[in-house]
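Scrolling down, you'll hit the structures one after another.
Two complexes follow with subunit A in common, the first pairing it with subunit B and the second with subunit C.
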Partner chain A sequence: MILIKKHIPLFICFLVGVLTLGSYYVPNVHSENYLELMNKWENIVAGFAFLLGLMSLFTSHFHKISRKAPGWGYSLFVYVGFLLVVVPAVVSGGKPMIGPDMTSLGWIYRFVFTSLSGTMFAVLAFYIVSTAYRAFRIKSPQAFVLFAAAFIVILGRVPLGQMMWDGLLSWTGYQVTDVIEWLMSVPVVAGRRGIMIGIAIGGIVTALKIIFGIERQYMGKD
Partner chain B sequence: MKNALEKFLKIDRRLIFLALTVLLFAPIVKPLGLPNKNLGKDVVNIYNYIENMPERSFVMLSLDYDPATRPELHPQAVAVVKHALRRNLRVGIFTLNAGATGMIEDIAARIPKDIAPDKVYGRDYVIMPFQPHPVAVMTQMGINIYEIYDKDRNGNPTRDMEVMKGIKSVKDMGLGICITGTAMLDYYVAYLADKNKFPMAGGVTAVSQPGYGPYLQTGQLKGLIGGMKGAADYESLINDVEKGTSGIDALSLAHVLVIVLILTSNIIMLVLKYL
Partner chain C sequence: MEFLANLWNSFAGLFTVTPGWMTFGGWVAAGLTICLFSFLYKDNPFFKVAEHLYLGVGMGWLFQVYLFQTWKPKVYAPLMEGQFSVLIPTLLGLSLVTQFFPRISWISRYGFTFIMGYGSGLVIPMEISTNFLRQIGGSISPFIGATGPWDLFNGALVAFGFICVLFYFFFSVEHKGAVKKASNIGIYFLMLYFGAAFGNTVMGRFSLLYGRFDDLYKYSDASYFYATHVVLGLLVAYFVLDKLVLSKKNGGQEPAH
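For the complex of A and B:
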């Protein structure tokens, strides 16, 4: 039993991991064929992952409704929304239902999904502006540096800010775009590069741990 | 005086929301027409790269954004498609984001109407269907594109299309541009551009623009369009005023409001401290 539950999965993981890693660096017809095969499999598995995600979503909301958990009424909209999108699409067979060239899915996308997504994202702007007034307090030298950088970048990114800089701060001898260019290409890139290198090293270590069977969380508890 | 300032510091946030609403709506109703003089260097780099490409070169345009980021990214995509087709380049539109299909529909409907009415589908441009697994698709595009994109979004075989003539993988393409509100551009750099020495550029939201500085410095990205300002810059370069340019007035006022609010609240705080 331990052979099926532990050793074979670990061996498959090791073999696929080493072959895939090797194929990335070896430009060879066999490695390309191998990668093509794996790509097809990955795409198929990803398709099934969508289905699995849908089932998981439905199950979790079903439990919420059956337990009458707080806010369970909203869970009903998961099913209502799903049916409203899928049923007309299946019934129409992907053919236009509304007008000469509008499918039901296209209508829902354009007039429901687009509006809702846009609204949700736009609300962020209101909270950012409100928070800027209520929470951005310059109480330390570090906060002042953050403010100074934000002030220049926010101002310099738009024409009105650039005009204000030219009117009020042209005596400094620097164009706002020059200052932004320096900020973006020196301190920002330095910080970002450090983060990227850290993430990359973390990713490599985790991948090696999985390939060599040190990290086995993906196998479950058994 | 002190009480009045403290009261002002704790102003009802709905009044701030109202101020922002007015500042966003006013320039949409009556545009201010602020001059967009300082064009972004990275935007100009993409423009120049496309300008210098030989005619009928293939541009891979991966549109990976959904309606949430439409105001910033859709004008970028429209401007790039316009520029590429006007330059008589071949354009392949791809997506690895399920939410982007409607955005692509919009562009597909506009190409024969006002973007490039003289261009023919299948000869000058092609639209590929959504594919679910980005890393697998990108790896495959570096080997043989037809193993994944053997049919276009309408189910027509792509191998025989004139637009795909001479294209087997991204190594045969002239440029790739990924416009996205996610980390898709990072994946493109890692799995497609670097490995296949494929020139790649991007279009991203303003908030994620600073994160791509390292790629621009190393030349892993040939250029970058950032946010609505980037879209407005590109529209200026191709002399075509659209949503990017019209939105820049509202963006200007909103940015200035943020600065004014931060300054006001901190000045009040200082006055209260030393009063």
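For the complex of A and C:
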């Protein structure tokens, strides 16, 4: 049983991983076909992975409703929201627009989905400002550098900041946009590159550990 | 069969977007936007309704994307054409759903190992080319194609900062002497990056905020029957009423959350 439960899945991981890695470095018709097929297969499997998440969400809210847990009434709106999109999508065949005409799915996207997602992330702007207050308390030279970089990027991109720069520092002969451009393309790049190399090394090592079955926590317990 | 087709057509006809629906859409958008913004004052039932609705709508949107862009064209259509090879990824995908049944949840490992194997095999060349070699190449190339001393200075600054940051992340030797100095300078470059990234995030969020305010302004127009004003007024009335009822119930004290 251990063969079916453990060894074959690990072998699938190893085989698919090595073949995908090899196909990238051995360019020929077969490897290209293989990558294309695997990409298609991965899309299908990822689609079912989404279904797993959806079922998990629905089960969790169903339990909340059936147990009449505090705030269970709100859980009903998860199902309402879901049907609000899926029914028009089925009716309109998944098309938000048919020619110049907006379908019911397009209506839902424009007036419901965009409003909800846009506002949800816009609300974060207020919390970011309160976080900034705590983060920007200058306690060390490093904290000052962090503050200065953020201050220049934020103020330099609004008319007020540009007016302030023009009033105080126009004698330097540079615009605040020039300073931001230099900041973003020189010192910021140096910091970002170090982190990206760290991510690359971490990603490669983790991927190798997964392919060779050293890292197998994602498989769960026996 | 004809009856069913007629029934479907009548049902689909209900979903035709008319100018009236567009005006109603303004009310819906203004209502949902203000309900979500109401959280800035305090947690309330309207925010919670909009929040749960967002969760459902978001999942519904993804569901229809997968339905019309993956399951229908990549699973259903090939199966109808007799291409049974798509059954392999379909079964691997369906195996994931066995997670809900503890006795047979091990079957889901087949789907997970496929995803992890493919993802790992793909990530290695991608990381090597994008995040590793290209970054090193990007630090060297300014010295080759420099057009003047300013370009050379910028290139040297990037390379110097980059090496210092790498020293900061290098834990194989003890950070003392020259290594400590280099890693300390690396912290300054990291702080510059974090500060600029933070500034960009703030500006991104604020541009979304402007967008929402712009929409609220649009829906406050007479053509939308002052949707923003009415919804805002109703919500303010709710909060005032809630405050009054609360103060009567608790003798002016709000309950501790």
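We adopt the following convention: the second predicted complex is superposed on the first by the 182 of 222 C-alpha atoms of A that agree within 3 Å, B and C clash if a C-alpha of one lies under 4 Å from a C-alpha of the other, contacts with A are read in each partner's own complex, and residues count from 1 in each chain.
By our rule, a contact is a pair of C-beta atoms (placed from the backbone, for glycine too) under 8 Å apart; a residue touches a chain by one contact, two chains touch by 3 or more.
In this text, all values refer to a predicted model and were calculated from it rather than measured experimentally.
Judged by the touch definition given at the top, the superposed model places A:Glu181 against subunit B, while subunit C stays out of reach.
Look at A:Arg110: by the touch rule set out above, it reaches both subunit B and subunit C.
Looking at the shared chain after the overlay, A:Ile152 reaches subunit C, while subunit B stays out of its contact range.
In the superposition on chain A, no contact is made by A:Ile214 with either subunit B or subunit C. Of the two partner chains placed by superposition, only subunit B is touched by A:Met164; subunit C is not.
Set side by side, subunit B and subunit C differ in how many residues of subunit A they touch, and the one touching more is C. Of the two partner chains, neither subunit B nor subunit C is touched by A:Val26.
In the superposition on chain A, A:Arg134 makes contact with subunit B only, while subunit C stays out of contact range.
Look at A:Glu36: by the touch rule set out above, it reaches subunit B but stays clear of subunit C. Once chain A of one complex is fitted onto chain A of the other, the partner contacts of A:Tyr79 are limited to subunit C, with no touch recorded for subunit B.
Once both structures are placed on chain A, subunit A residues 24, 38, 40, 42-43, 45-47, 49-50, 106, 109-110, 113-115, 117-118, 120-121, 125-126, 128-129, 132, 147, 150-151, 154, 157, 184-185, 188-189, 192-193, 196 are touched by subunit B and, in the other complex, by subunit C. Chain contact summary for the complex, subunit A toward subunit B: residues 24, 32, 35-36, 38-40, 42-43, 45-47, 49-50, 106, 109-110, 113-115, 117-118, 120-121, 125-126, 128-130, 132-134, 136-138, 147, 150-151, 154-155, 157-164, 175-177, 181, 184-185, 188-189, 192-193, 196. Partner subunit A is touched in their complex by these residues of subunit B: 11, 13, 16-17, 20, 32, 34-38, 41, 66-71, 99, 101-102, 105, 131-133, 135-137, 139-140, 143-144, 147-148, 195, 206, 210-211, 213-214, 217, 227, 229, 248-249, 251-259, 261-262, 264-266, 269. Across the complex, subunit C meets subunit A through its residues 11-12, 15-17, 21-22, 25-26, 28-29, 32-33, 36-37, 39-40, 45, 48-71, 74-75, 86, 88-90, 92-94, 96-97, 99-100, 105-106, 109-125, 127-128, 130-132, 135-136, 138-139, 154, 157-162, 164-166, 168-169, 186-196, 198-203, 205-206, 208-209, 211-212, 215.
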